[in-house]
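Common to both upcoming complexes is subunit A, partnered first by subunit B, then by subunit C.
Take a look at the complex of A and B:
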């Protein structure tokens, strides 16, 4: 098989699976609950992928990711209810709003490293959560916001579970493609060099602060997109959806899947969202099982389900990546231009 | 999350509201009587002492292992529930309850170390002891253990507030001149002071304390001079968790609020105190915990009490930006 054809086939297979097989199976059962689970899984795939960029690739341990998710969701919900905008407007605006907040957060915290950075993001995440919880005139506080306008795009009503699934799937796949091109490229290599040794990267002429802020903003943007998807598909948001345990859940997805590996983050998200659903018959014990899965995956698979090296190998072989070379010459995709 | 994942969505909201229930009486434009300030200072002192007890556990463990123990809040919860079980089963005097809770806390600490930290300490050289991989692995494993513990407690007792026998609540009023405090304030102050004194004694006058200080100053050097670092680490967890568990039952009886996710908010506050104090300085952590307690209780005079948590996070961010080494921290290369 030629190296040009293979990426097309892989992409086509993923598209058929996500846009063909899954909706067919969901349609066969035709229960709105199953669509909800599928949407939730895709939204968390997007969240895990956005955190993968900043925590896995750029190595900035982020403990407040759910806050950007929340900023996006609240931006979308408020624009949809108070300003009456449709999904076509709220989606990009939610992303931009979350990216703007992410840049504001990044400016003072980017000079911190390791655990100090993690603690700062935890604190800021909690502050944003408190704002959502207590700024009652705007966010309605703990009561949350009901989004009654549904999901309309270019005048079409897409609120039916089946069509909403397609919207979520298309947006998630497009975002994943962007994150894939960012993290498997020279730009991704530069971010990885920050993770390994940012002083060294600085000495090599990379603008480390700018790279960190950029990766943070991009990650915030996609978290905001995920928030808008959640607000429009669930129809109801409340601060509890964006609290610290959610940040930890997203971090757990990235770690279980493999830090620095995009396919790993996707699989980690699917495992941690779908496992509790599969285990629903077990009832009360399912969250204990999730904790146990997290624990044993760290203990037994410290590199994650798909470790970074094998993930890079896989992506390069199957998708090509955005490196200049064809991916066949050894070493042609190393370095930073 | 629309019922898909109830345990991940937190019930800590209940704690925040309960924690500051009776405060925040005066709006910004009303004159505030002097007594009220004094009263808030008394409350702030007991709040700060609780944070201090929690922060010491974090600080000790960070000192010896250079990792953050995210399950520390669950030790606090376990302490409170152990106390509640003992109270409802035998109704012993408070001092016995405290002793049992402290013992349970020590056991919980040892168990936590064996399960969440020991398996990841495969090599004993300094580079891997302080490596990022080890730090992230233990951070996640302690989180996983905390999820499992919280869920187990929730299955055992239910997620709502537990009923504490009314006569065991530490809220009988005591008048001190113009100020009225409750017995809980005094008891928390006394117990915390005793435990801090005891900790100082253990650290400075006993062999265990000597080895804890040695390991936290240089783990490899401590090993070279014949200190059993593994045993020292277990001791550290036991001592730190005793303090956390005691704080849990004291707060539980003070506010009458014992529930499975009660450890989360105090855990974060103690974490903030540790960072403000410079990560591995015990006096720093205690002083910062007291500052935190005082500022929160004073803040409730001026702003609605639900915003009081903002004070802690504000302190955290300001500290990290302007005093990145912590107010009492030693010199570090980079933070």
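Take a look at the complex of A and C:
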């Protein structure tokens, strides 16, 4: 297979799977519950991918990611209900709102390292959660918000489960492509160097503080996008959707999949959303099984289902993103194009 | 010869201790200067003062006629000062090539928008620079290996390659021979000499007297934070103050 053909085939295969095979299967069953599960899986794929960028690549242990997801969801829900804006507006504004909050959080916390940064994000996550819970005049508090306007884009009503799935899938795929470009480039390399030794990266001429804030903001942006998708497809949001356990769930997806690995984050999210659904027939026992799978997968594969090294290798070979030094033979691709 | 680096009365106090005490010297373009001194003489602190990792208590540092003290390390690096660290600091979980590419990326600049929307030219330039630096130290055969998996001696060259990928005008090597055996130290000496021969300005801190005396054109000797000698190796070797600092006073 030629080097130029392979990446196109990989991309085509992903598109056919997500936009062809999955909707066909969902259509065959035609139950709105299954569409809801599919949407939730894609939303968590996006959440895990956005956390991958900041925690896996840039190495900033983020324990409040669900709060940015919540900021996006509430921004979208409030703009849809109170301001009557359609999805075409609420989606980007939810992303920007979450990114804005992320920058505000990042400015004072970026000088903190490792565990101190993690505890700071934990605190911020709890604060934002309590705002959602207690700022009743705006957020309706624990009652949550009902979004009755559904999902309309450019005047088209896309609220039907089948069309809503396509919207979620397209937005998620486009976001994944952006995160892929950021992770698998010299920009991603620079972020990785921060994770490895930020003082050393500083001595190489990298503006480490700016890079950390950027990665945090981009990660927040996509968490906000995921929030808007959730608000518009679920039709109802409440603070419980964005609580601390959700942040830990997203972290577990990233770690089980492979810290620093984008394909790993995607697979981790799919496993941890779909496994409990598949195990529904066994009743409450399923939670124990999910916990066991988590435990043994990290015990047997501490680097994750697809570790960072294999993930980068995979992307370099299958997506043709690598560069080859003059006079070296095929298969010795390094760096990024 | 044009002066590249000027250190003027550089002083650094840590509490009651004066680690570097009004040290002044210059480095001209194309020079190979060694800094030696016993343990705790302030060699590494002096390097950190130049590269901006430690702020000065008093004094000034100028590079290419521009005052650089008080600037952030990445800004000083971008002006053209590359450095290595005393205790070998590489990026262990990145490949050899990716390690070196960070040096090139820092100087050529990377940004999020460029990474997402094209910017192939920039990436190509970073790749070429990183590859050239790897070839310079002879590590191109290990480009795809994880940095943590290569030998200690090679990691030393990897760290130097990363600094070379910055294409700096001045390279600061902080105890590059630490932990190397005699053969490896000799090879390193030959490598530094070759680098200097290609026109690179080198400032070398070393504990190993033999290495510095063998290759440097000029040697600065520090003892308890003060400069006690600044001359050619053969002059420094006979300097009574230097002998005293290294061997102690005769009773």
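Simple rule for what comes next: the second predicted complex is superposed on the first by the 321 of 337 C-alpha atoms of A that agree within 3 Å, B and C clash if a C-alpha of one lies under 4 Å from a C-alpha of the other, contacts with A are read in each partner's own complex, and residues count from 1 in each chain.
As a working rule, contacts are C-beta pairs under 8 Å (C-beta built on N, C-alpha and C of every residue); 3 or more make two chains touch, one makes a residue touch a chain.
All figures in this text were calculated on a predicted structure; none of them were measured in a lab.
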Subunit B versus subunit C as contact partner of A:248, first or second or both or neither: first
Subunit B versus subunit C, judged by how many residues of subunit A each one touches: B
Which superposed partner A:120 touches (first subunit B, second subunit C, both, neither): first
Touching partner for A:142 - first (subunit B), second (subunit C), both, neither: first
Partner chain in contact with A:214 - subunit B first, subunit C second, else both or neither: second
First, second, both or neither for A:200, with subunit B first and subunit C second: second
Which superposed partner A:298 touches (first subunit B, second subunit C, both, neither): first
Where subunit A meets both subunit C and subunit B, residue numbers: none
Touching residues on subunit B, where the partner in the complex is subunit A: 1-2, 4-10, 12-13, 68, 116, 119-120, 132-133, 135-137, 140-141, 143-145, 147-148, 151-152, 154-155, 264, 268, 271-272, 275, 304, 306-307, 309-310, 313-314, 316-317, 320-321, 324, 334-335
Subunit C residues touching subunit A - in the complex, by the definition given at the top: 51, 53, 72-74, 77-78, 82-83, 85, 89-95, 97-99, 101-107, 110-112, 114-116, 120, 122-124, 126-127, 130-131, 140, 143-144, 146, 162-163, 166
Complex contacts: residues of subunit A adjacent to subunit C: 178, 181-182, 185-190, 192-193, 195-197, 199-208, 214, 218, 260, 308-309, 312, 323, 325-326, 328, 332-337
Residues on subunit A engaged by subunit B in the complex (per definition of touch): 36-37, 40, 61, 108-109, 111-116, 119-120, 122-124, 126-127, 130, 133-134, 142, 234, 236, 239-241, 243-246, 248-249, 251-252, 255, 259, 276-277, 284-285, 287-288, 290-292, 294-295, 298-299, 302
